[in-house]
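Shared between the two complexes below is chain A, which pairs with chain B and chain C, respectively.
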Partner chain A sequence: MQPFIVEFIHSRKDELVERWLEELTAVRDKNLENMSDAVYQHTNREFIQTILHTLDADVEQTGERLSEFTSRLIKLGWPLGYFTQGLQTFRRMVFEALAAEEDDAKKVYRLSCDVEEWIDSIINQFVNDYNGSWESTINLQKMALRELSAPLIPVFENISVMPLIGTIDTERARLIMENLLEGVIEHRSQVVLIDITGVPVVDTMVANHIIQASEAVRLVGTECILVGIRPEIAQTIVNLGIELGKFPTKSSLQKGIETALEMTNKKMVDI
Partner chain B sequence: MSVQSCVEVNSEWGIVAARQEGRSLAKDIGFGNVDQARITTAISELARNIYLYANQGKVCMEVVELFDKHKLKRGIKVVAADQGPGITDVRQVMEDGFTTSGGLGAGLPGVKRLMDEFSIDSKENEGTTITVVKWLR
Partner chain C sequence: MRIPILKLYDYLLISIQVELDDQTALRFQEDLLNKIHQEGSSGVVIDLTSVEVIDSFIAKVLGDVIAMSNLLGAKVVLTGIQPAVAITLVDMGVKLKGVPTALDLEQGLEKLQQELER
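After this line comes the complex of A and B, so read on.
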């Protein structure tokens, strides 16, 4: 950047900062309303200092300081829009000040381009930092969901339960199939109960996945019982015309476990 | 009152969004538990067809009213439209057990049984529009 602008901005620093603070406070975001004024003003001051700091320090140093500033505010939950708006306001102010000072349109334009480039690079870094933090959050959630998606729980000797909760998509159907088959072999299950109490909608695709999974389980020599069919789901399945007659179904997990115990020649008794 | 809400379907999450929208609308109209499940399942089925065969399209739903025998009937209308490959033989897809994707082949005939009114309009290479209505009893 041309030293002229650096000097220009420095010479008007105080004036620019005051006007900027005023204007930014006027458009204070709804999300930031429940924040105390002191914190808000303090952050604004820190924000403008960080921007001004990028004027004279070298690129690496400023990058670090910016990153440190953003990562702290990402944690506090400040919206990205606040920063972009703040930077745009600041840029507009510098333009206005430049235009008031200089009469030569061409010169103003050249200088504006420099300022534009400078502010854009800061905006880019903000956006990248925010994007990175969103991506890592989404990835973590994806992993957490995967781990939760299809657990096979051995409850008694030779009896396992797979509780399904939430929407079943193709990816999850694949996991159900894999975990079911691997788990059945690993736990030496004779009977496996698939519990669909928590599945909100059973359409033909979900039914198809369940039928295929139970068919595969049957091939490795294990009985499969479908439990947790709610009354409205039962009616929908009949309306759709889905054939679930090939394997036993029970209304609740409790009934399913009783049946499973019978099938493995066991019984629960009161003592 | 004809507030229409549309959901774009271009991924599996679109299917989930469409049926959640449908369920909450059906609840607002006053459908019972069983009919809510029927409507939700029908929407799920239609949205899945869009995703599976046309890759993208949209599902729109709205409240409909009709004077019938001096009584005002209320219901939900769902329109699933896409610009996909279209259906070659409409009669064939309405048969139970017919499938081109290895599914159960119960989707469209099932939707017809789940809802009260069903109409299908499809042109090859132009797209398919399926309109279904469920009346509140």
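After this line comes the complex of A and C, so read on.
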């Protein structure tokens, strides 16, 4: 950055900032309408101060200060678009001021290239910071979804239940199978109940996944019972001609548990 | 490489602790059938706890061994199939239909007794 520009911006600072604030207030985003004016103005001033700060300090310092500023705004939910727009507005103003001052077109062009570079680097950092925060949010959500996706719950000694909720796709089916097998080994279950009460649609693909999972469960030495078959699912299964094979099915988890207890030579008694 | 076959009362116990190659599997098939014939065993437990990989040939040999043993009058129970192995088998379409399975040796022996009582 040429010292001339730094000096120029510094000398015109107050005027630029005032004009910038005015213009930016006009484009105030819908999302920010609910924000109080005081907070809004304060953040805007902080924003422009942070930008101007990058003029004087060295790269490392400014990077840190910018990151700190963005991470705070991300938490507060300020949209990225607002800041890129703000930076672009500021850049345009600097150009205008420079053009008004200088007559030599070539010189103005060279100076504006410098300003461009400076603002772009700030925009880049903003975008990167926002992007990183979005990515980490998505990763957290994915992890949460995975954890909720296929839990195996031991209910009695040697009896476990896997409740399935929501649609089953191929990736989830694989997860279900892995969790099922590992859980069965870990809890030493002799009977495992797969509860599909919460699965809205059972088509050939879903049925196939469930059949595969139960085959695998049988191979490791555990019985599998499919419970929670609703009337409409029974109809689909028969209409589609799906062979649910030899493994037993029950209409409700309650009935399934009774059967499972029978299979492990246990029973419930009233006392 | 021979797989040791242990005798326990009326049963034969086999714990496979090596990765099976084709030769070993075939020799095992021969050994087991001879042993069943020799001892007149009524039940066999094959424990696969330490087996981490099974290919389609080994799976076929295992299925064959079980069918052959049944012909000789010995029930076979497979125990300790690892989750990863079970997934591979199902993916390959090897279902080992009608073969009793159990979580471990202990439950395998129980299962064998149940099977023999039927």
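The rule is simple: the second predicted complex is superposed on the first by the 270 of 271 C-alpha atoms of A that agree within 3 Å, B and C clash if a C-alpha of one lies under 4 Å from a C-alpha of the other, contacts with A are read in each partner's own complex, and residues count from 1 in each chain.
One rule holds for everything that comes next: contacts are C-beta pairs under 8 Å (C-beta built on N, C-alpha and C of every residue); 3 or more make two chains touch, one makes a residue touch a chain.
Since this is a predicted model, take the numbers as computed values, not measurements.
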{"item": "Side-by-side fit of chain B and chain C on chain A, or clash", "value": "fit"}
{"item": "Partner chain(s) touched by A:Met177 [first = chain B, second = chain C, both, neither]", "value": "second"}
{"item": "Following superposition on chain A: angle at chain A, chain B versus chain C, Cα, nearest 10°", "value": "70"}
{"item": "Partner chain in contact with A:Ala216 - chain B first, chain C second, else both or neither", "value": "second"}
{"item": "First, second, both or neither for A:Val127, with chain B first and chain C second", "value": "neither"}
{"item": "A:Ile185 touches, of chain B and chain C: first, second, both or neither?", "value": "second"}
{"item": "Chain B versus chain C as contact partner of A:Leu21, first or second or both or neither", "value": "neither"}
{"item": "First (chain B), second (chain C), both or neither touched by A:Ala207", "value": "first"}
{"item": "Where chain B and chain C come nearest after superposition, their Cα distance in Å", "value": "9"}
{"item": "Chain A-facing residues of chain B, complex", "value": "12, 16, 19, 33-34, 36-38, 40-41, 44-45, 48, 96, 103-104, 106-107, 109-110, 113-114"}
{"item": "Touching residues on chain C, where the partner in the complex is chain A", "value": "78-83, 85-87, 89-91, 95-96, 101-104, 107-108, 111"}
{"item": "Residue ranges of chain A touching chain C (in the complex, touch as defined)", "value": "177-178, 181-182, 184-185, 188, 190, 212, 215-222"}
{"item": "Partner chain B, residues of chain A touching it in the complex", "value": "167, 169-170, 200-205, 207-208, 211, 231-233, 235-236, 239-242"}
